[in-house]
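Contents: one structure, followed by commentary.
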Amino acid sequence: MIEAPALDVAQWFNTSQALALSELRGKVVVLHAFQMLCPGCVLHGIPQMQRVHAQFDGDDVAVIGLHTVFEHHDVMGPAALKVFIDENRLAFPIGVDQPDGHGGPPRTMRQYGMRGTPTLILIDRQGALRFQQLGQVDDLAVGALIGQLLAEAPR
Amino acid sequence: MIEAPALDVAQWFNTSQALALSELRGKVVVLHAFQMLCPGCVLHGIPQMQRVHAQFDGDDVAVIGLHTVFEHHDVMGPAALKVFIDENRLAFPIGVDQPDGHGGPPRTMRQYGMRGTPTLILIDRQGALRFQQLGQVDDLAVGALIGQLLAEAPR
Amino acid sequence: MIEAPALDVAQWFNTSQALALSELRGKVVVLHAFQMLCPGCVLHGIPQMQRVHAQFDGDDVAVIGLHTVFEHHDVMGPAALKVFIDENRLAFPIGVDQPDGHGGPPRTMRQYGMRGTPTLILIDRQGALRFQQLGQVDDLAVGALIGQLLAEAPR
Amino acid sequence: MIEAPALDVAQWFNTSQALALSELRGKVVVLHAFQMLCPGCVLHGIPQMQRVHAQFDGDDVAVIGLHTVFEHHDVMGPAALKVFIDENRLAFPIGVDQPDGHGGPPRTMRQYGMRGTPTLILIDRQGALRFQQLGQVDDLAVGALIGQLLAEAPR
């Protein structure tokens, strides 16, 4: 088992308290790493996450957005992200990946070895990293992945 | 466990031998009951089954079409179905549900208590009927259902 | 000006009387040649014609379907077509292209030199053939073509 | 004839020189007023403008984007817009509507009496304002509008 690295988040939206993967044991976690000005994220990934969020019971599946800004930092800061979230009426928790302080890929992105956005990550009920893919994954495949992890008994 | 009723099929397409659910133990069976002139089947259900067939390994998931003609029998006979299959380049096995001989719903349709088309049915690796729904089911939900059944160990 | 050849139709649906292009002078005619078991027709062309029919005023634009069966005649006869029309709730007039009596392309199809289905044909307010294309034409292009012909003054 | 008000633009992208409607006489102008963080613009309007730009000859149809920021000014400035344009590979000219200096709707937006974004505006070959609509307009309707204006002879 490869334990999913912890989320290093500078600021959260849509949640009253910081989320930690360690506290989500028992749930399947669908982590969507995106940038608010990445077309593949906006046109495909984010709408898909809205569908995932609407489809599954929050007691079973936790959908989390992770804003992994690795370019154009000046125009994708938290204030811009907040407008993006509000305008798109995103309801699931979204965290700002911790900047590395030098304008490079932020810390969680680096920990996971992500190579771009969107990246879809699935973490099982025990906290293991089970799937990570850059680019578009279609609904049927995403559903199957979630379904398989849902079927596994919690520890 | 509710064992899925046997398929009562008058004629098969896209398979060299008749299929029996009892011989598909160990696989998840995705059964799509349709009529070739039912718009919901043609515009949604059949394309979805093509995606399911392309997405999953045939060793794990068996996609089967079942032509459950319960109306307009004269224009949806086997010869017409064959043209439909060929023109749409459907590659998965398709069976003609056994007519009841009196122009009513055919026998498998009746056994399952289906109320119309399209109807999506999922049968687990042990042959149990696990899901049956009339109408459109979106890809995310279909994927999740298949994924959950795939995760269950064969007997 | 190339006058559009007359429609040679064996049987009409969705109209109380036979339609003749000569009586449609003053309107833009959108003629959609299709076969009820041609996937490109069913999945793209027919839904597009429904949109065209809904979009434009019937006093300006006449949408006509033409069932140009050139293969599999036995399963695409008028009885099957009637079920297709009813099930898809098509509301525009649809004519059965006159069979040639020898199992080849029907007469109107031959007159226009159509090479397959779907074929989209546009006829202007004066009865001139202005556009004919095999295959899918996207909505923007279809709209522009209709718009251009609408702008031309009736004779 | 209602002459289309002049564009009051603070900064242009994708054009080496400022555009003026008065210099576009002879062309049909498709003006798309948007905000880069307006979901209806990003998911519908902008992709539609890309299709319009690809469909029509630039000698006949001028597609122009107008960034009419009337809210959240701080996160939709020209630097952010430039990233949006680059990431989405938008190739048509886009102007930043002139701010009113008080955080309200910008000047061109106000001149046209636009009530929000996206707003689609069509200007004919003679410079007359012929169509203005807030919200989504489908491709068939947009095509028809453009087609009708294209058919009108330049003065």
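Observations, loosely collected:
Order of writing sets the labels: A, B, C and D. Residues in every chain begin at 1.
Criterion: a residue touches a chain if its C-beta (ideal position, glycine included) is under 8 Å from a C-beta of that chain, and two chains touch if they have at least 3 such contacts.
Since the model is a prediction, treat every value here as computed from it, not as a measurement.
Where touching is counted per the definition, chain C and chain D have no chain in common.
Counting hops only between chains that touch, chain A reaches chain C in a minimum of 2.
One simple way to say how far apart two chains are is to compare their mean CA positions; for chain B and chain D this gives 49 Å. With each centre defined as the average position of its C-alpha atoms, the distance from chain A to chain D rounds to 34 Å. Looking at chain D, one finds that none of its residues touch two or more other chains. Residue ranges on chain C touching chain B, taken from their complex, read 37-39, 42-43, 47, 72, 74-77, 79-80, 83-84, 87-88. For chain B in complex with chain A, the residues that touch the partner chain are 51-52, 55-56, 138-152.
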